[in-house]
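All remarks here apply to the structure that follows.
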Amino acid sequence: MSEMLVLLGIVLAAISGLPGMLLNRHSTTGQWLTTALAVLGAALGLGGVGAFWTTGDSQPVVLPWSLPGGEFNVAVDGLSAIFLLPIFLISLLGNVYGLGYWKQTEHPQNGRKLRLFYGTLTAGMALLVIARNGILFLFGWEVMALSGFFLVTTEDDDKEVRETGWIYLVATHVATLCLFALLALLCAASGSFALVPLAPESLTPGTATAIFVLSLIAFGLKAGIMPLHVWLPSAHAIAPSHVSAIMSGVFIKMGIYGLVRITSLLPNPPLEWGGIVLALGVVSGVLGVAFAVGQHDLKRLLAYCSIENIGIIVMGLGLALIGRSLGRSDWIILGLSGSLLHVWNHTFFKALLFLSAGSVIHATRTREIDHLGGLAKGMPWTALCFLVGAVAICGLPPLNGFVSEFLIYLGLFGTLGDKEGPSFASAAFAAPALALIGALAVACFVKVHSAVFLGIARSEHAYHDHESSPSMIGPMGVLVVCCVLIGLAPLLIAPILGQGVSAWAPDLKDAGPRLTALAPLDWITFMGLVLIAALLFGGGVLWWRLRHSVVENSVTWGCGYAAPTPRMQYTSSSFAQMLVGLFSWALRPRTHKPKELPLFPQKTDFHSEVPDTVLDEAVLPAFHFGAWLFSWFRVLQRGSVQTYLLYIFIALIALLLWR
Amino acid sequence: MVQLLDPLLIVALALNFVALGVSRIRAVINAVALQGILLGIMPLFVHPEIGLRGILLVVVTIGLKGFVIPRFLTHAMREANIQHEVKPVVNFMSSLLLGAVGTGLAVVFSYTLPLADEHTDSLLVPASLSTVWTGFLMLTTRQKAIMQVLGYLLLENGIFLFGLLLLEAMPFLVEVGVLLDLFTGVFVMGIIIYHINREFASISTEHLTELKE
Amino acid sequence: MNTMIHNTIHILLALMMPPLLLGIIAKTKALFAGRVGPPLLQPYYDLVKLVQKGSVFSSTTTWVFRAGPVVGLMTAALAVLLIPLANSSAPITFTGDLILLAYLLGLGRFFTATAALDTGSSFEGMGAAREVTFACLAEPALFLGLLVLAKLSGSLQLSTMLGSSLGPHWMTAGASLALVLLSWFIVLLVENSRIPFDDPNTHLELTMIHEVMVLDHGGPAFGMILYGAALKLFVFGAMIVRLAFPLATGYPWLDWPIFVGGMLVVAVVIGVVESTIARLRLTHVPVLLVGACLLSAFGIVLLVR
Amino acid sequence: MIYLLILFPLTMAAVTFALPSNRWRPWLVPVAALGHLGLVVAVFFQPGDGAAVSGLGGWLMLDPLGKVVLGFLSVLFFLCSLYAPGYLALRSDRPNRVFCANLLVVLAMMTLVTLSHHLGLMWVAMEATTLASAPLLYFNHNARSLEATWKYLLIGSVGIALALFGSFFLAYSSLKAGLESTLLFDQLVQVAPKLSPQWLHAAFVLLFIGYGTKMGLAPMHTWKPDAYGEAPGIVGTLLAGGVTSCAFLAILRVWQICRAGAEAGFAREIMIFMGLLSMAVAAVFMVRQRDFKRMLAYSSVEHMGILVLGVGIGGPAVYGALLHLINNGLTKGVLFLSAGNIHRAYGSKVTDDVRGAIQRVPLSGALFLAGFLAITGSPPFGPFVSEFTIVNAAVGSGQFLAAGLFLLLLGIAFIGMGATVLAVVQGNPADHTTDNDYHDSIATSAPVLLFMALVLLLGLYVPPPLESLLREAAAFLAVKR
């Protein structure tokens, strides 16, 4: 039942772009047909997921497939379901949003292409999530990856877009090649490409480690775990916003899914694995948000913030792995539930933020934070949505981000160990790191929200602001509702998370504690409501006081300065300056300013940027060096036929002397 | 009659050195032609009891290797009106030396080869190897296209010499096929040389280094 | 029944006492300076006056500017309900309430800073920037300290972690607790923007943190901000007290006075510190905070080594 | 019947040559190709086994291996021939008499290679393909194509001469073993265990180098970039897909003899080494390659390497290699033909001038990009299946080093190729390149689309008949007789 619905949804999504391709580039019917198909498909898919959760039954669809080792085998289980929801939901919202954001009439060049690959991206992701056969998984993976490439390079007439797309393509292909090796090893161990848990005896430690490392590289590249994130920031920045939304919200989660799925197949993981994963999570989390603080490109900032949240998710997974190595079911449940829930939460608020950013960019035509300001008056709804997203992504109550981080905190504190059972206290140091991440996130989003929406417009870009069309606000509203709902009623999704966890660690299916027993989700609901009530009360009081007292308007108090101008406002860069300084050892900020200032003040300029350290100082140099090295081999092919004949002769002698 | 074979082979070897040592293309062509004729008659000495097909084969070989191909090459040479290989990659003295060394090695090497008993004391294998070596030398050290074609011919001759060891393995049809391919090959090369000459007003392969990395 | 009474006392104390702390601090400083100083109850008078005043709003601001004070006050008020005061559990206590505590204060900070930036004034921008930046370093210190307590008590409820069970541990793990105490006191100073991090009553905007954020607020809103700040001070003070004297006399009615006394001592200490230590250069602040983190980190290392 | 397979194209070639009209002549090529395809199908489904399709007293025989290659060649040639009229219509300025005739001669000779079970005969046919394809290379009659043809001819002939030498050694090895010397494939395989090892050893090296030159394995590949770079796209397809496959078939035959004989281990080592070497050389030269047709040539070198590597790895990889023979050939069809169209549209084949192909010639541009993704082994295209089969076999048989290097080199090749392809396809065409009357037409695009469709089909599923055919062939190779 649920499989059928999901498959149907996949097919519809995959073909949703075709009608548009057949119509001419100026007709708007294409975009309506596409959206209709995509929405229908997504609805079916969501229906399938819902059917799975309500009935809990799944009949795998198994068909023979004449590829060597291939078998068409799809099934929905707890994990798949958790990842399917974001896929279809964001695809649905993104398509609707696209109606207003990327009108065919405004983008005749690439509108059809974008919609086509938006559909295939959805289909690929959904397929890979329900695939139970390695080859099928690989198919879904690559369809997703290539669609992603074409979506990133939607506006390929721009040089920056081309370069970004290229970096992305290389990264994703490296990941694919690692997957080749990974699946081959799995097949060598288990004897088939079926994605089923391996028997402990079928696997030598060496093979197990190899599989683990390969999956870290392959899926880490996709998920954007620091330091494998090099493709991510620019790709999210230059793609159309609803593409960024699905890429950052769903696409990179496929890396997480892969990691979760593969780790679920490997029997009794060593303790180091969990430690490594946890450490990677901490690094991505802290450095990701630190880089985010330093950015002044709205979407680039959000992209780095995705790296941070991936870090949090990975921390949860690491905790769960540690729990499995030490047989601590409570750590498994808290860690994995937190991780999976954060997958959802990040999907919701990050998509929300990207969509709001898109609506800003659509209105002002710039991504430069320091050119914006004061938009809250022109586009109040966008501002509100962004604010909700910002509060949620900082993990602040009473919104959803808090819940998942809360679970992970509980697990991390748990690693201190109680009276009975083993402990792994060094993991507990991740808790302060998580606190640091939270505080940095607050700094980051205070900065971006205020700089974009509050204060006064800093440039003419921000003057022609206007609220976006309902087709763009609507999807944001839906996401706002999701954020609030999960934040206030986490109990609702506890069973869903439970299914996910038991799919990862089957022995916890019936035995072991429940999430509700380990974490006071009811208290979270209660406190959330209390908080809201308190805020309303306080607001009411203030409002009442202001009603009954003289209130006048005036200019901002400039501390006596006579002629303040918008350009004298604190810019986002200056806001972040101290923090960037604290992290300069990793961020390596670049500042451009005149050498020495003249005696008398005159017009000068200063600007600072935080480029990606790993990309600019490790990856690109390495590639250029390689190319330089290879260029030396060209002397072998100078065009003289005599030399060529000599090669043949040499090869002949060499092979004759081989043995 | 088999004892008459070795003198013929020695002559053939000598012709290799002529081909290596002289710069006049005409002379090289003649040397190769003569070698071709020698090769053509050799089957009679290897297998005295040779049948009609053998005779026919001999005639075809001599005709092609000894007369048709050389004529053709001479014609091409006239077309291109050049007489000499002016500056080879390796000068004539050194190429002679290389040829000598190669021949010596070939002889030594062929003694180490596990030959069938009836061939152990024959010069056939060393001659074949050294001729192949000579062909390679010409191919890799000569600038003029025609000289390279001649080198190719020498290479084929060397292989042909080895083929004499196992005439019965090579049916008539295949032999003829081989010869036919050889002829067509040279013919096409000749045409190309003609075009090269027309294109560059010279047949030196220095001009043919446009395509490279 | 009993808990009912205790909770009532808790709430009353938490709502009434905070401004007094400010008064005591001011008085202590005045004494050190050889002045008479304002009356102890001055902060109450100020609040009352502010609530009656009218207000002026900058035309650049939006509703966020008005929301700032409300959120700041309410989050602090809720935080107070999570802290055990006397030797009895807090009105609200559940596993992981410590995390809620930290994040409530975070929420408050988010909106106070945002409200400051809403004015578009560069001075308030500076203040907000400093506030959030220093918080980034204070949070880890707080959590490292919590790790120590969680390890000792084996529980994740503030009421237990800071409860009477803490007493014996001063014998066993005194060193760790002392380190945490020191580090938390530093956190208290920075979170409530006292000297050596900030000078509440300087008048050079360029050097201020908290005060400069609220430059544009006035009237009832400003009253809320002051009150919220006092509550926040109370929260941290209470944690310090519970950590320093986790006494369990067995007579609940004796514990309350002890606690109040402890709070007064803390206030005096703050006053002493403020009057004896010079204000740090802004660029040196992070060093001290990192130091605080290291103290607590050392504390936990001592425990789990 | 079996003679017809060879004689029909030859006669058609004669007819084509005789036909005076430069305009209508090209249409004979598809006709002949269709006929050939029909004959092949007829032969395949002819009742009875091998005996039914053999001739010249066992010199000609259609074994399962030959079936795979022959069937593939026939399809490939047919699709190419569909492209010919459209292409030659664009080149109506040039006489195409020799061109069309030689296309068919090449077809006949390739067919002969797949059929011949006599190594000497196979050699003759192989050399004939070289000679017959030389005029095809020279179609453009300019200095560059002249140079390319010269190198192709000379290097090819020398290499193939070595193959002849090797065949003689093979015969001699049987003579040395005291057997009556022969070059008949089946006899050799039977007596292989008795053959004198040293001679067999030398024979294998010579034959491998010789046919390897024809196949374009490094370091004997040097003619390839020049030849493929200067030849018309259709000829490139025919060489990269067809002639190289014939050479590979020859190597397979020799390998089979060695495998039956004492030299199996040695042969495998050589094949793995040379395969990886070819891939490495190709990868190195593809990086920063500005000329996209030369890049395709190097890609061909790379995939020849993959073929021999697969055979060297053995086991299921042999099946993978045979499948890859087909996938590679078809994908090369897509790439060479679309590259030809792009070349025609821009009048240049270096990335400095060629940009934004997907806007200038949308269909060819898109197909070129898709072909690139396919050839680099991305699912869901054919080459992925075969390449992955090879990796899997290597890992399965514990040859981790080979597998690792294979993947690494695939990665480098992808990077090298991708940079060039994207430079060609993406962006905006420079203004001066757009004033040219070429536009994608049915005639020049439909065949490419057909190629692409096949590649995609083979990626999504291997049709059962083909599956069984490949299995037979692999079994035929695996069995020791």
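Which chain is which? They are A, B, C and D, in the order written, and residues in each are numbered from 1.
In the analysis below, a contact is a pair of C-beta atoms (placed from the backbone, for glycine too) under 8 Å apart; a residue touches a chain by one contact, two chains touch by 3 or more.
In this text, all values refer to a predicted model and were calculated from it rather than measured experimentally.
K.L.:
Farthest chain from subunit A, going by the mean of C-alpha atoms per chain?
P.N.:
B
K.L.:
By raw count of C-beta pairs in contact, what's the busiest chain pair here?
P.N.:
The largest set of C-beta contacts joins the chains A-C.
K.L.:
Subunit B to subunit D: how many Å between their CA centres?
P.N.:
Here the centre of subunit D sits 31 Å away from the centre of subunit B.
K.L.:
Averaged over CA atoms, how far is the centre of subunit A from the centre of subunit D? Could you give it in whole Å?
P.N.:
44
K.L.:
Express in whole angstrom the distance between the two chain centres, defined as the mean CA positions of subunit C and subunit D.
P.N.:
About 78 Å separates the centre of subunit C from that of subunit D.
K.L.:
Between subunit B and subunit C, what distance separates the C-alpha centroids? Give it in angstrom.
P.N.:
Roughly 101 Å, centre to centre.
K.L.:
If a residue has to touch 2 or more other chains to count, which residues of subunit C qualify?
P.N.:
Residue numbers touching two or more other chains: none in subunit C.
K.L.:
Got the subunit B residues that touch at least 2 other chains?
P.N.:
Counting only residues that touch two or more other chains, subunit B contributes 139, 148, 205, 208-211, 213.
K.L.:
Considering subunit A alone, which of its residues make contact with at least two other chains?
P.N.:
634, 637, 639, 641, 643, 645
K.L.:
Pairs of chains that touch, anyone?
P.N.:
Every touching chain pair, ordered by label, is A-B, A-C, A-D, B-D.
K.L.:
What residues on subunit B touch subunit A, complex-wise?
P.N.:
It comes out as residues 89, 136, 139-143, 148, 205, 208-213.
K.L.:
Sort out for me which residues of subunit C touch subunit A in the complex.
P.N.:
Those residues of subunit C that touch subunit A are 51-62, 64, 66-67, 69-71, 73-75, 77-78, 92, 94-97, 99-100, 102-104, 106-107, 109-110, 113-114, 117-126, 128-130, 132-133, 135-140, 142-144, 146-147, 150-151, 154, 156, 205, 215-216, 219-221, 224, 286, 293, 297, 300, 304.
K.L.:
Touching subunit D in the complex: which residues of subunit A?
P.N.:
Touching subunit D: residues 65-69, 135, 138-139, 141-143, 146, 153, 156-157, 159, 162, 165-166, 169-170, 173-174, 176-177, 180-181, 183-185, 187-188, 623, 626-627, 630-631, 633-634, 637, 639, 641, 643-645, 647-648, 650-652, 655-656, 658-659 of subunit A.
K.L.:
Would you mind writing out the residues of subunit D in touch with subunit A in their complex?
P.N.:
Contacts found on subunit D: 147, 150-151, 154-155, 158-159, 162, 201-202, 205-206, 208-209, 213, 219-220, 222-223, 225-226, 266, 269-270, 281, 284-285, 287-288, 316, 319-320, 356, 373, 376, 378-380, 384-385, 388-389, 391-392, 394-396, 403-404, 407, 410-411, 414-415, 418-419, 422, 426-428, 461-464, 467.
K.L.:
Which bits of subunit D are touching subunit B when the two form their complex?
P.N.:
Touching subunit B: residues 118, 120-121, 123-124, 127-128, 130-131, 134-135, 138, 141, 143-144, 146-151, 153-154, 157-158, 161, 164-165, 168-169, 171-172, 174-176, 180-183, 196, 198-199, 225-226, 229-230, 285 of subunit D.
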